[in-house]
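Letters are used for the chains, namely A, B, C, D, E, F, G and H, taken in the order the chains are written, and counting of residues starts over at 1 for each.
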Amino acid sequence: MEESVIRRLFDDVRAGVVSTDSAIEQLKNLSFEAIDDFARLDHQRALRRGFPEVILAQGKTPEQVVRIFQKLAERNDRVLATRVSAEMHAEIGPQLPEATYHSLARVLMLDRSIEPKIPGILVATGGTADIPVAEEAALTAEIMGHRVERVYDVGVAGIHRLLSQNDKLQEARVIVAVAGMEGALASVITGLVSSPVIAVPTSVGYGSNFQGLSALLAMLNSCANGMAVVNIDNGFGAGYLAAMINRKIENGGK
Amino acid sequence: MEESVIRRLFDDVRAGVVSTDSAIEQLKNLSFEAIDDFARLDHQRALRRGFPEVILAQGKTPEQVVRIFQKLAERNDRVLATRVSAEMHAEIGPQLPEATYHSLARVLMLDRSIEPKIPGILVATGGTADIPVAEEAALTAEIMGHRVERVYDVGVAGIHRLLSQNDKLQEARVIVAVAGMEGALASVITGLVSSPVIAVPTSVGYGSNFQGLSALLAMLNSCANGMAVVNIDNGFGAGYLAAMINRKIENGGK
Amino acid sequence: MEESVIRRLFDDVRAGVVSTDSAIEQLKNLSFEAIDDFARLDHQRALRRGFPEVILAQGKTPEQVVRIFQKLAERNDRVLATRVSAEMHAEIGPQLPEATYHSLARVLMLDRSIEPKIPGILVATGGTADIPVAEEAALTAEIMGHRVERVYDVGVAGIHRLLSQNDKLQEARVIVAVAGMEGALASVITGLVSSPVIAVPTSVGYGSNFQGLSALLAMLNSCANGMAVVNIDNGFGAGYLAAMINRKIENGGK
Amino acid sequence: MEESVIRRLFDDVRAGVVSTDSAIEQLKNLSFEAIDDFARLDHQRALRRGFPEVILAQGKTPEQVVRIFQKLAERNDRVLATRVSAEMHAEIGPQLPEATYHSLARVLMLDRSIEPKIPGILVATGGTADIPVAEEAALTAEIMGHRVERVYDVGVAGIHRLLSQNDKLQEARVIVAVAGMEGALASVITGLVSSPVIAVPTSVGYGSNFQGLSALLAMLNSCANGMAVVNIDNGFGAGYLAAMINRKIENGGK
Amino acid sequence: MEESVIRRLFDDVRAGVVSTDSAIEQLKNLSFEAIDDFARLDHQRALRRGFPEVILAQGKTPEQVVRIFQKLAERNDRVLATRVSAEMHAEIGPQLPEATYHSLARVLMLDRSIEPKIPGILVATGGTADIPVAEEAALTAEIMGHRVERVYDVGVAGIHRLLSQNDKLQEARVIVAVAGMEGALASVITGLVSSPVIAVPTSVGYGSNFQGLSALLAMLNSCANGMAVVNIDNGFGAGYLAAMINRKIENGGK
Amino acid sequence: MEESVIRRLFDDVRAGVVSTDSAIEQLKNLSFEAIDDFARLDHQRALRRGFPEVILAQGKTPEQVVRIFQKLAERNDRVLATRVSAEMHAEIGPQLPEATYHSLARVLMLDRSIEPKIPGILVATGGTADIPVAEEAALTAEIMGHRVERVYDVGVAGIHRLLSQNDKLQEARVIVAVAGMEGALASVITGLVSSPVIAVPTSVGYGSNFQGLSALLAMLNSCANGMAVVNIDNGFGAGYLAAMINRKIENGGK
Amino acid sequence: MEESVIRRLFDDVRAGVVSTDSAIEQLKNLSFEAIDDFARLDHQRALRRGFPEVILAQGKTPEQVVRIFQKLAERNDRVLATRVSAEMHAEIGPQLPEATYHSLARVLMLDRSIEPKIPGILVATGGTADIPVAEEAALTAEIMGHRVERVYDVGVAGIHRLLSQNDKLQEARVIVAVAGMEGALASVITGLVSSPVIAVPTSVGYGSNFQGLSALLAMLNSCANGMAVVNIDNGFGAGYLAAMINRKIENGGK
Amino acid sequence: MEESVIRRLFDDVRAGVVSTDSAIEQLKNLSFEAIDDFARLDHQRALRRGFPEVILAQGKTPEQVVRIFQKLAERNDRVLATRVSAEMHAEIGPQLPEATYHSLARVLMLDRSIEPKIPGILVATGGTADIPVAEEAALTAEIMGHRVERVYDVGVAGIHRLLSQNDKLQEARVIVAVAGMEGALASVITGLVSSPVIAVPTSVGYGSNFQGLSALLAMLNSCANGMAVVNIDNGFGAGYLAAMINRKIENGGK
């Protein structure tokens, strides 16, 4: 349950729009809410961590995704589901008419929040094929309240393309570097800036790429300091962490 | 070359203490300085990235470490060398009398800086055997200008030990979670806080630990969002990144 | 051949319902029975190990599964086939009308046994996507004569969900902990209880999860003592072992 | 803090031998006790899990091991440290005169407990080189209150050696099967008995054994049901789990 | 070109049925024959190694398989193609009407040879799902001139099934042991006999089986001497080697 | 932008056919050209490296491939797209009518260049199934201006096939050796010649081939000196490097 | 207990040199003999498999090796211990004065057998560094009753060295091919002969050799048929299998 | 036997300084020469491939290295031994007084050749710790007749250091790029030049570097075209290949 929703509830109670009993009822599952037998929604997460539980659609049935999405939407202004395949979206989209689907990033989201976006996050990719992962990162950061600068296809095979974006790199407060194959983009960017870099290896490539292992290992072994790495293709995780850092910066550590 | 050193140089020139020619001479290698044939010191790094080049002693000869350390010390207030084995320290220590050696963390450092430390970083470990890596992280953050809270031996086998430190966890602005074996500490901490977590897998363990692979994979696959991972046993990298984030928070993104 | 079936046979002989010759004929394949050329049913297994041979449907042709299922059903009250895909069930279901299919767990089973279920087994999962594996475990334990408590979606990203189930955890005599990704659930549960824990890593996840390797290694390297691990996604194996242990406990080691 | 020790404390209070204040003082660190900065002893563990925290000496300094061992010995009748190398023992042995060192198993232990041992555990090995790991398992189970039957060097290359021990196998309530190389021993034993089997892969072998990987994978993929696996060379973990199961059996699930 | 075919050619020349010119023409490609640009048939192989080149259909286009099969059939009495999928057979079968397809083993073969089969080869499997690989081995040995004894589904989970076949095992001159999962069958058989054993790991299994790696490593690390291993699922290679050994035995080393 | 195109532009300006303004306009994106948001074409690459950017179609959408292909075709005489699947070609072929598709090599190319081809490159394969990768190498070298000798299906199982091609091997200035399975072809060829050999491991094989790992490792560990290796199935990379070397040889190092 | 020893016993009984009681006593441990607690000697092995149990010294204590060696020597004419390091031999050599130590092969052996050696085995190596493994194979075959032809340092980097030994290759009845690095020797030899080839990958090499993995995978994936593989550096296993095959050939399958 | 040596021999015969018989004697082992039983020197290699056989000292005994070195020195002007440890050199150095030892590169060499060096090869490293491997490459190329430009410590963490060397990069005809950790140096260099690049991954690093795997995979998956890779730490192989290419360039493909 997001803080904004709880604030509204208290305001409504004070204004007499909502009765105390009804308010209590709404708070009842604050800790967590069991859905049938298959899920325990961690409603307290939004308060504790700043953003409601996110749905990883992969591995769940369409029915489960719909049920969880609806339950979250009852108590939060913002709901995010990741790894929603086109097939799944075709099936569940009509049941979630308020939600927006981003097909490249495979993200389904609902954003009723009206707070202004915080600037400072930049997402870069080595190539065109890395964009789906980058978009997952960017959309995640956006729904979490941030404005995202995108700098795509600036891989090291033509390093002047990256150097020409130096101004944007220097301005960013947090950078998400997305790259497959040898993943060198993250090292080169980190060497140029004084901001933290979150590296996302992608599974783009073939052969001894081993589904992203080459980029993952390269990023973990970077000779440039000031970088950390998330799972292969985990654009969501990188966007989430970037948003947390950028909010801390914005709020002076609060 | 650290900004503080350059500022002092300009002040000295303005005060007439240093001549323009001498100042230029001192700046000559600002970009980088070649040492014999074996190294090119990136003196610009301190300006560009906020901290001078750090020496990874492992893989270098003792002579090389001494030479680089001395060259860095000429132009910076702070010099850091990591992975300095006890054997190497026995050999090079006498040649670097100003430097302090931390045997557990295998870190050799020189810190003439006088700026006050920034609070906000917490370093936690799963077990006692993870402490050397944690100390490398803590000392790195300290020489970079931060105050570090240490919470050691709070692994998940007795989770009340971790929960009892909840206040400290909530207060921290950046957390470094150091753990070997199954590395679950990082996930559990991340699930409790709204601050970014940098996870450091350690090689502590045996058998199918595969020198840290188990903790590395566990951390990369965490179900808790808001965490990123550095290389196995890379306390230095985690401390460095934590320091960068904490400085950004302190300075409001500058 | 289950002990109960053999007992019934002797009872029938004593009661004169079955002739000695006919009884001998029925016992003839007690050791094992060859089916065409493709299988040797280990009918003695039920006597020796307490439960008849179980059919791993994956890798067998539908015809083979049907033949083996029928042969086992001739001599046992309980027959279990695992990893029966929906496609295979569509083909063989009509030929095995007595059997029940559980689509999530991909289990096909026949249970004519009437003995009361033994309480004491608890099956927990980290997430919703782990439920199919958990159900395979639970159904296996159930057909083997046990009552199963299910506690699903209590992963460590929101650890209060797990702690809220502490009573059930303490009551259980054997616990099956099912989790993918970083598999931390098993460590945390093991640290809380004095009962044996059987950990089941699942292939839930992506990227450096490497089809379950991350959870497998994490569980093998747990810092919590009192846990052992089965193969990735092997809910059946965990349920089987839990049932063996629980029966030993119930029977005082017999 | 073991239950027996707490019972004694209450008895002493009732008998007036110990004052209430002194008793409270002794209980003060019941939850956990911080030792300097390097460890937090989980004294509650003995109550919660039935046995005090065990010291994994590997990765700790000799001083740390001594300090922790002494602290545990103050509040418990039984203290166990594993992976104590001969070198470490030479250094710390004199400071822990009460403790007994088992060089083959690399185990250092103190056992003041007087309760009778529970029968039911059998430890088997494939070869002679597996004995150190097996002894770690056996000694762990023994200090935890059990009697252990040892059946060593019964590997499958001469299967009559194993079959000749069939009586002992049938009598055991829990079996620990220790084997390196192809680890087939565990499968063969499991196929013969109705008791749970805990399989311990060892690093015995060379080449494509990959330090125990061959036995580990073989055991995880056993076609025999009723077995689970611990980490490579983790005799301690197997002995611990066997003891937990055997105690549950002895106590009827309590 | 098989020796029998060349012998017939000389006989025909001596009998005047074939002219010298025509005979020379037929021998022209004895060394190898290029087919278009895509293959160089090693016709000398039959003379040099005792059996004509075998077609690995996987990775070739259907047209290529047909062309090579036909070319081989022109000069040899026996032609063998392995890994011919059902789809490919549907396409090429009509063009090779003389050939026989074995769907389980995915083998397409033509055998005009009339020499009597040599006894001595036994093929065993651990389970029913291993039979396709075993049949590939058996059919390969058969077309190479041997009689094959099949002993299927005798895995170690019910070891009396294997022991009951001891007579056949002792009689065999060469044994092919086919098993997936933990692959223990090969070790147990090797420990019982004085004949060479060729072990074939199969990809039967799931999870940490890693597509046959578990059985492969187990077999390579067998504690039983007198066994060697072929590639995962390589029934063909095992049958081929068994045939070579059995022929050497039959011919006293010739 | 290829040098030949720029020369033509200058010639046109000198001839008055093109105005200065128009020429400048054409050069404007010389460094790189952004296409929508998804790509930054490195037009300078042709000048810097001798050949325009190449499109790796895999991982891009059909629309992206078409757009990039067209943009490149505007400024270059030669355009190459690799890993264009038959499905993608069916979709994009009609939009790129000038381009030629090679289905085996999955290559789509446009070649308006008229310069004569440089001889000296030889491409060899171990088997028929390696030909698609070899053709990718050969076509790449051809569009880059070279004549390619093909020697296919000369694997080491019948080494006389390779030895019979010795003259061609000795004549070649650069050799591309393409092989799957154990990849021994590259070692044997390298041992015979004094020319550089570029080894391409292919994913041809099965089982412990691990999608090309066996050939990759074999080639990296060759005992023959004078060979280097590219990624698994990377015919394009090998053809590209061969072309660079051969051009250097032709031009005396220019 | 070797057959020859048992025959001698019966002869002695018939000759009245040995009493029946004494003979029975000697046979008492025919099945197996327990040594203290650490070993169960499989004395029946010599009868069942043709050669007594062999001692793998690695992983055993010097005392254990001495005890087992002596016990075997009491009942057999031939005793073999492998992987006896120089250090171990220095310690145990004096206690086994009859035994001969081969330092390169790390083999300790006792051979009182007088039967003539059977010709037919050839052992080849790729390089000089493979010789220790090859010698282990050769010495094993020799003590098992065979004459061994050695052809060393004939690797594929200079293939004429191998081809010059063609006569020896054609004459051999069984070939052991020992090679590290890319292990191509085994494939090339297998392609040249009609005899079975046992391939031994060695750990010779460095880097991506991964302690023998490159040669192991190469050999498992050989495109040449008629080869099987043993563990990395397992010269003993190859020599043992070669001896079994050669004896079968010599004895016409007996 | 190097061509220069053979030429000298013919000159001596023509001049009457050497008799025909003596000349024939010297040529007798032209093909190869057996040394005792442990090596077959491929003397023809120098003629066939342009440089005599090189000794990989690792894995050979000191005696073997001395013998082979001396035999090669009898017939060649240049002899090279690689991976000669300091320990081995201490032992064999005095027996090879003409040879020069380079301790960093672990190379022992003898160079009596007087032909002028060919310019064109550049060797670069990412860091100081990569220099030993780079020196092995440089020294190899030098003894093979080339002049080598060294550019060390120009890794991507401070990319201006590399860009400042652009002139040297552009001038080189062949580049050897040596780097550990994430190995990004090779990609960045390749993207800048039109010359072939040979990438050498080093084992410099720790943790998930896995002894050079990270750099190896990164280099194999480079997005920059025109690069190929040699084994981890294989400076020798890279220098050898660079020399072959540079000689081809110098000689116009001869």
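As a convention for this text, contacts are C-beta pairs under 8 Å (C-beta built on N, C-alpha and C of every residue); 3 or more make two chains touch, one makes a residue touch a chain.
No experiment lies behind these values; they were computed from the predicted model shown.
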- Those chains which touch chain D and also touch chain B: C
- Task: Quick one: superpose chain B on chain H by CA and send over the rotation angle as a multiple of 5°.
- Result: 90
- Weigh A-H against G-H on C-beta contact pairs and write down the one with more. A-H
- Query: Roughly how many whole angstrom separate the Cα centroids of chain D and chain E?
  - Reply: 50
- With chain centres defined as C-alpha means, what is the inter-centre distance between chain A and chain C in Å? 38
- So, in whole Å, the Cα centroid of chain A is separated from that of chain D by 44
- Multi-partner residues of chain A (each touching 2 or more other chains): 127, 157-158, 191-192, 207-209, 213, 216, 220-221, 225, 231-232
- Message: Dump the list of chain pairs that touch, please.
- Response: A-B, A-C, A-F, A-H, B-C, B-D, B-H, C-D, C-E, D-E, D-G, E-F, E-G, F-G, F-H, G-H
- Message: Under the definition above, what is the set of chain F residues touching chain H in their complex?
- Response: 48-50, 54, 120, 173-174, 191-196, 198-199, 216, 220-221, 225-232, 236-238, 240-241, 244-245, 248-250, 252-253
- Item | Residues of chain D defined as touching chain G within the complex | 127-129, 131, 150, 152-154, 157-158, 160-161, 164, 180, 204, 206-209
- Task: Write out the stretch or stretches of chain A touching chain H in their complex.
- Result: 126-127, 155-159, 181-184, 187-188, 190-192, 205, 207-210, 213-215, 217-225
- Task: Using the touch rule from the top, collect the residues of chain H that touch chain G in their complex.
- Result: 31-32, 37-40, 42, 44-45, 53, 56, 58-60, 64, 68, 83, 201, 203, 211-213, 216, 231-234
